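Several structures are given next for inspection.
In the two complexes below, chain A is the common chain; its partner is chain B in one and chain C in the other.
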Partner chain A sequence: MARMKFICDAERCIECNGCVTACKNEHDVPWGVNRRRVVTLNDGIVGAERSISVACMHCSDAPCMAVCPVNCFYKTEDGVVLHDKDLCIGCGYCFYACPFGAPQFPQAGAFGVRGKMDKCTFCAGGPEKDNSKAEHEKYGRNRLAEGKLPACAEMCSTKALLAGDGDVLSDIYRERVMRRGRGGDLWGHATAYGRPDAKATGPILQSIPQKS
Partner chain B sequence: MMKLLILLTGLVVLAGCGEQPQTITAKPGTSAAKADDVPYGEGKSFADRNAWQLQLRARADNQNEYKRVN
Partner chain C sequence: MNRLFALFATLLMALAAMAALAQQSSGPVESPADLAKQEQQRSVTQPYNNAAIWKNARGAVEGYVSIPAPEAGVLIQDGGQNWRALRNGWFSVIGGWALVAMMLVIGGFYAWKGTVQLHDSPTGRMIERFTLLERMAHWGTAISFSVLAISGLILLFGKTLLIPVIGFTLFSWLAILAKNLHNFLGPLFIISCIITFIVFVRDNMLKAIDFKWIASFGGLISGKHVPSEKFNAGEKLWFWGGLMLLGLVVGVSGLVLNFPNFGQTRATMQLANLVHLTGATLFMLGALGHIYMGTLGMAGALDAMKTGVVDESWAKEHHEIWYDEQLKAGNVGNAGKAVAPGAKSPQPVAIGGHD
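== the complex of A and B ==
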């Protein structure tokens, strides 16, 4: 059984917000709701600035599912955490429980009335019929049923944001770390433009044979 | 007057019978959401789970540019 997951490589994310834009466009997400957002730490500090793209992480033991008073959440056989908007009462418990701030609430009327919760669906729609009008209106496009991965990850220009089966993502990320090294090897002129002396690349990079 | 009082008392008591349950029916640990259909099968883009998973696997692998370039 696949476990659908996201991973964001902080060394690659350039805070372009392409993932945020792709998500909003793909699902016609209303104004004020951001299913995905980019968080930047150490903003402006040279060498220490890091950005990551954050949305629902489709937790294996999701706290939102545990606290929902109407049990509107469910998990697909591939580990995607989804919810039924017809049951959601917009109480906001899931927002308080979520460590990533993923649940979003549209302003449903005057005086700040909170609407039904909206969150990242891993582009898997909801409990309505796949790719139906009702599903699109409530949850957005169902790319997974089309055999496609989430739009945010597929649009990512630097491939910082990866989506798919957790095992596949682990392999990709592991290979990256092995090739690019760590610590001082990560950042600098040599990383960007190549190293003049192959022997100076360090034992980690030398451990993987590279094609010429 | 007494008849009216008995009638009113009866109406008040009967009003309780028409009360709708106010409690939620959700049970802890079980989802109350509608059943979601699987993303493959008859009438879908992919006939079976295996074909669907192979497609997603190929897409996921394609995110590895080391494989794409080399």
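== the complex of A and C ==
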């Protein structure tokens, strides 16, 4: 069984917000709620700026799950953390606990009264029947049930954001790191924006073919 | 095992926080600008070494984000994990067992001493103890407090105690009810506390006589008679320490949590939640004592707050100084006068119910 994970390669992310848009569109996410967002650190500082796309990371030991007073969270066989909106009471505790700011609440009344929590589902829907109308209305599309990967990663123009089986992602990322040691001759951040030459060091790095 | 780990982690975090403070006072801390500069230099000499950038990732600095939501620019916030460990750990475990222990102590005390009865027989001459306004202030506070306490307990312990019994769906309905009652009655409770303060503050001023009462614990254990004013020192302590101090603590922290529309950060709400838990636990512990003394523990106390009048003998035995004042003012035996016109005139049912 696969363990689903996200990985965002900050050397590649160009802050296009394509993942954010893809997600909002795919799931008809309500106004004011963003299941995914792109954060840019050191914005505007040449050489030090990096962007990264962040959403629910589907933690192994999920804090939201631990603090939910009605136990509305559950984990699928693929390691995806989902929740049942019928049980959710909109208390906001998952939002206090989450390190990534994933849980979001549509405003349900005056003075910031919280509605049912909404968050990234890894495009895996909710507890309802796969791709039923009820599931679509509450959680958006269930792409995993259709055999597809999350829309954000599929849409990513630089393949910075990857989603899928953690083992496969690790292999892809490991290869990228090894190749970059040689000089970023894949589609790295530095390739897009230029970088000073760096000499390859170590036998493993020299074994990777170099772009001429 | 998990709990032990949480405890250990909390201790470690406390140590780390102290270490960080110590460091702050001794040496310069790397500012975000410094780190960005370091990264700029490193990008020349060591491309792909991003260490300086990720030092900022844990909530130290907000990045740029195109979403206009509070804290959306924070990549990772650390506080949530600490809050989770403390709320699910110490605060609910110690708080929960403290409430159980308090109930056992009160149960034991009742088994040992029973209800404090009147020594003399009632004379039938009634004195007005609480005006209608005073009683309304009391019951407004009491009812809202009880609903808040029960709904709060449901939200904190229901997951452990009720879901296994009534299931997810039914408990979710109960929790929604509890949440809404808690959120809407909270502000009303604060108003009740303020009215209670205005109505009762005059009679709750601490005086020298109160320290004598405290020293002998009101004669509750020895059974010896200790004179007191309209309110004894125990009641005064409950007024100041409970209603006023704890009321302020749970009131302010509750408002922070109740109105998330002012852009307060998660760190503020985590702290407010822990303060709220602590204050509410102490409040409930005190309330258990207060409710016991007002009902099972003392004959005639509940009737006084229900009807507003007490028998002469009760007043003499429990609040002698106040009784003497009332006697001097000629108020003994003419109770009911101060009751608002149109209201049902209270039947003097204070002790034994005969007059």
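Please note the rule applied: the second predicted complex is superposed on the first by the 182 of 212 C-alpha atoms of A that agree within 3 Å, B and C clash if a C-alpha of one lies under 4 Å from a C-alpha of the other, contacts with A are read in each partner's own complex, and residues count from 1 in each chain.
Basically, a contact is a pair of C-beta atoms (placed from the backbone, for glycine too) under 8 Å apart; a residue touches a chain by one contact, two chains touch by 3 or more.
Here the structure is a predicted model, which means the values were calculated and not measured.
> After superposition on the shared chain, which partner residues are touched by A:127: those of chain B (first), chain C (second), both, or neither?
A:127 contacts chain B only, not chain C.
> Quick one: is A:79 in contact with chain B, with chain C, with both, or with neither? Answer first, second, both or neither.
So A:79 meets neither chain B nor chain C here.
> Check the residue A:42 against both partner chains and state whether it touches chain B (first), chain C (second), both, or neither.
second
> Quick check for you: in the superposed arrangement, does A:71 touch first (chain B), second (chain C), both or neither?
In the superposition, A:71 contacts both chain B and chain C.
> As a test of reading the superposition: which chain, chain B or chain C, is in touch with more residues of chain A?
C
> Tell me which partner A:111 touches in the superposition: chain B (first), chain C (second), both or neither.
second
> According to the stated criteria, A:50 is in contact with first (chain B), second (chain C), both, or neither; which is it?
A:50 sits against chain C, while chain B stays out of touch.
> Just checking: does A:172 make contact with chain B only, chain C only, both, or neither of them? Give me first, second, both or neither.
first
> Would you sort A:90 into first (chain B), second (chain C), both or neither based on which partner it touches?
After superposition on chain A, A:90 lies in contact with chain C alone.
> Does the superposition put A:103 against chain B (first), chain C (second), both, or neither?
neither
> Residues of chain A that sit at the chain B interface in one complex and at the chain C interface in the other, please.
68-72, 84, 86-87
> In their complex, what parts of chain C are in touch with chain A?
Of all residues in chain C, those touching chain A are 32, 36-37, 39-40, 43-44, 47-48, 50, 52-53, 56-57, 61, 63-67, 69, 71-78, 80-81, 83-84, 87-88, 155-156, 158-159, 163, 168-169, 171-172, 175-176, 179, 183, 257-262, 266, 269-270, 273.
> So in the complex, the part of chain A that touches chain B is made up of which residues?
The touching residues are 2, 65, 68-77, 82-84, 86-87, 124, 126-130, 142, 144-149, 153-154, 159, 162-165, 168-169, 171-172, 175-176, 179, 211.
> Under the definition above, what is the set of chain A residues touching chain C in their complex?
It comes out as residues 10-11, 17, 20, 32, 34, 37-43, 45-48, 50, 52, 54, 63, 66-72, 84, 86-92, 95-101, 104, 107, 111-114, 180-181, 184, 188, 190, 195-196, 198.
> Quick check on the complex: what are the chain B residues that touch chain A?
Listed in rising order, the residues of chain B that touch chain A are 24, 26-28, 30-40, 44-46, 52-53, 55-57, 59-61, 63-66, 70.
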